[in-house]
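Next, two complexes with subunit A in common: one pairs it with subunit B, the other with subunit C.
Up next is the complex of A and B:
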């Protein structure tokens, strides 16, 4: 199962908290998070890694970043 | 009469033995409690005067307030918190101005005095100096964790004590030494941002010992989870080309060194022997976290090495 989080327009630490909540809920092993700042991109990637997840893909389009993470 | 432009505040010479020093600062709330916010805003505004070795005398309130959205009692609490800090600093409130705005903002315009020959700039550090930092780092990260309800009450209380603490005593002790080569206060650019300003284009560099730096240890977990303010990443990106990190410095500490501080401590450059003495006196006088964190070196110039 995979989940999607739209964290555009939200400032730190909201995107990170939403990602951590989804990871901790334990309902999914793949999550895609969309953010619109580079800071959020870096922080969300770091949050995932800290929980033992892997960042599998980061794509950028029109200053938006889609980060795909997967349970390792 | 002459005019000088400097970093932290403006200095205007009135006589050979007297200059006025002026600064202005205001910002949006970083804590929920309005009285505490008032205290922090005032400590922050006065800090620029202390960092230059001056004595703040009078201040004017600067207030932006959403009168249609927020209860007027909040404004009163902010102002009382500010007044409380001004009293502690021995600064007289002589007026102010308020405007309606979408978001609460508060700060001060401050006027003080200083001897024109004893103005401390952020430039002037010399090889052989030691670097003294007077407050712990990490308040920006704690403020971010607080927004996410992740910081413990105990940690928030410690952080508030740090941010609302005046740099007055540190400055009083510092200005008793005649050979302070440079001083600045650590604020929005983080420790390394402000340290970089001290040596950019200069004939000296710095070596900073990461294990000597006072840091709120509880924030390691936040940093590793990505609970960090946007300003931190911007600070790091802007200055990383001046920084070299040795293999023994933990990765999370490098981030903390770029954490934007609210009302941070003084960063002082003075000869090593006096630095040890100054830190001891600061510690004895209750500035417990004051520490020698590194030294100024002749090589490599324009670089900061973090060990």
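Up next is the complex of A and C:
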């Protein structure tokens, strides 16, 4: 199971809160988060890592970032 | 792949905090008021005074540091391709939050940056302010946990992102066109102070240069004094907190070296000893910053990278400063202003109203 979070247009801490909510829900081992600022990208990656998750991929297109994280 | 942002690392944010701490302390040595090397709230208030939006004679000066913060961030954002013009996340709410954040800060006599610098200078009253700040931000995190949210921004025209930077260029142009004339409280359209904190300032180019450097570094590192406390309370994350602590430590050591450390509660520069209102003023400011998603410095840096909502918050702060002094809400070294206590209570009610009502979950 993988989940997708659309955090475009939201500023921190919202993207981080949404990511942590999904991680804590425990329903999935892979999440893709879409954000639209470099800051959100850094914050989401940092938060995921602190939860013991791994950032597997970050792709950028049209000023949007898709961050893939996976339970380690 | 882009280069990794070194300023977003732990040592990056610590380095930026150290830089700000050292130069804030030195700005005091070079002319800025006591324990006010950098105070975003006070400096925006001084700008409001210079423009005549309030007529408190002792706090009137276009502070180049503020101009530098926005332009420095703008430069960094362009260099690293992070200029993202965006707006539309409840701007009027941000304006109101900005106004009350300013009023709360002026009851304490300083924003979080100055609270840190006051502590680093030995002002014990800052402890009350910082405790209030933490308490206010803690209330904010409760709302965040309940889904408080001002909604999404939208990408917009580059010109919209340029509005606050252009206003700052305008302020700089005014400052250059109408420089201070010795012994005169007016120069062209601008007001100047003949005494008091507004009279005390480092030379223009030094203030502007340090402002630009701080703006640049803070944009890269996402330095935020409110976020420092919020992230720790909310996630037990210490990333931004390290930067804030580094600022205090660096300012403290620099103050010791240059002889600016004077511990005590009484007779501290531009401070009063009404503990309850030092605390409560910063509860209001902390809550307003938390609800708006950034400390007053961070709002300037965000505005520099194109965030129009942060720009509205800044304008709210400047207008709030006008109200604070025109209505007698701001404190002075003698204590709180005649209507300061009422303003803090009203501000808290307004912030709680915003926190309780704006909690639409933005699900995917």
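We adopt the following convention: the second predicted complex is superposed on the first by the 72 of 72 C-alpha atoms of A that agree within 3 Å, B and C clash if a C-alpha of one lies under 4 Å from a C-alpha of the other, contacts with A are read in each partner's own complex, and residues count from 1 in each chain.
Here, contacts are C-beta pairs under 8 Å (C-beta built on N, C-alpha and C of every residue); 3 or more make two chains touch, one makes a residue touch a chain.
All figures in this text were calculated on a predicted structure; none of them were measured in a lab.
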item	value
Overlay on subunit A: subunit C relative to subunit B, clash or fit	clash
Touched partner set for A:5, first subunit B, second subunit C, both or neither	second
Partner chain in contact with A:17 - subunit B first, subunit C second, else both or neither	both
First (subunit B), second (subunit C), both or neither touched by A:44	first
Touching partner for A:63 - first (subunit B), second (subunit C), both, neither	second
Stretch of subunit C penetrating subunit B in the combined three-chain arrangement, among 78-86, 96-104, 150-158 or 168-176	96-104
Doubly contacted subunit A residues - partners subunit C and subunit B	11-14, 16-17, 20, 37-39, 42-43, 46-47, 50
Touch list for subunit A against partner subunit B, complex	11-14, 16-17, 20, 37-40, 42-47, 50-51
Subunit A contact footprint on subunit C (complex, rising order)	5, 8, 80, 82, 84, 86, 89, 144-145, 149, 151-155, 222, 227, 230-231, 234-235, 237, 239, 293, 302, 307, 362, 364
Of all residues in subunit B, those that touch subunit A in their complex	144-145, 147-148, 150, 224-230, 232-234
Complex contact set, residues of subunit A against subunit C	4-6, 8-14, 16-17, 20, 36-39, 42-43, 46-47, 50, 63
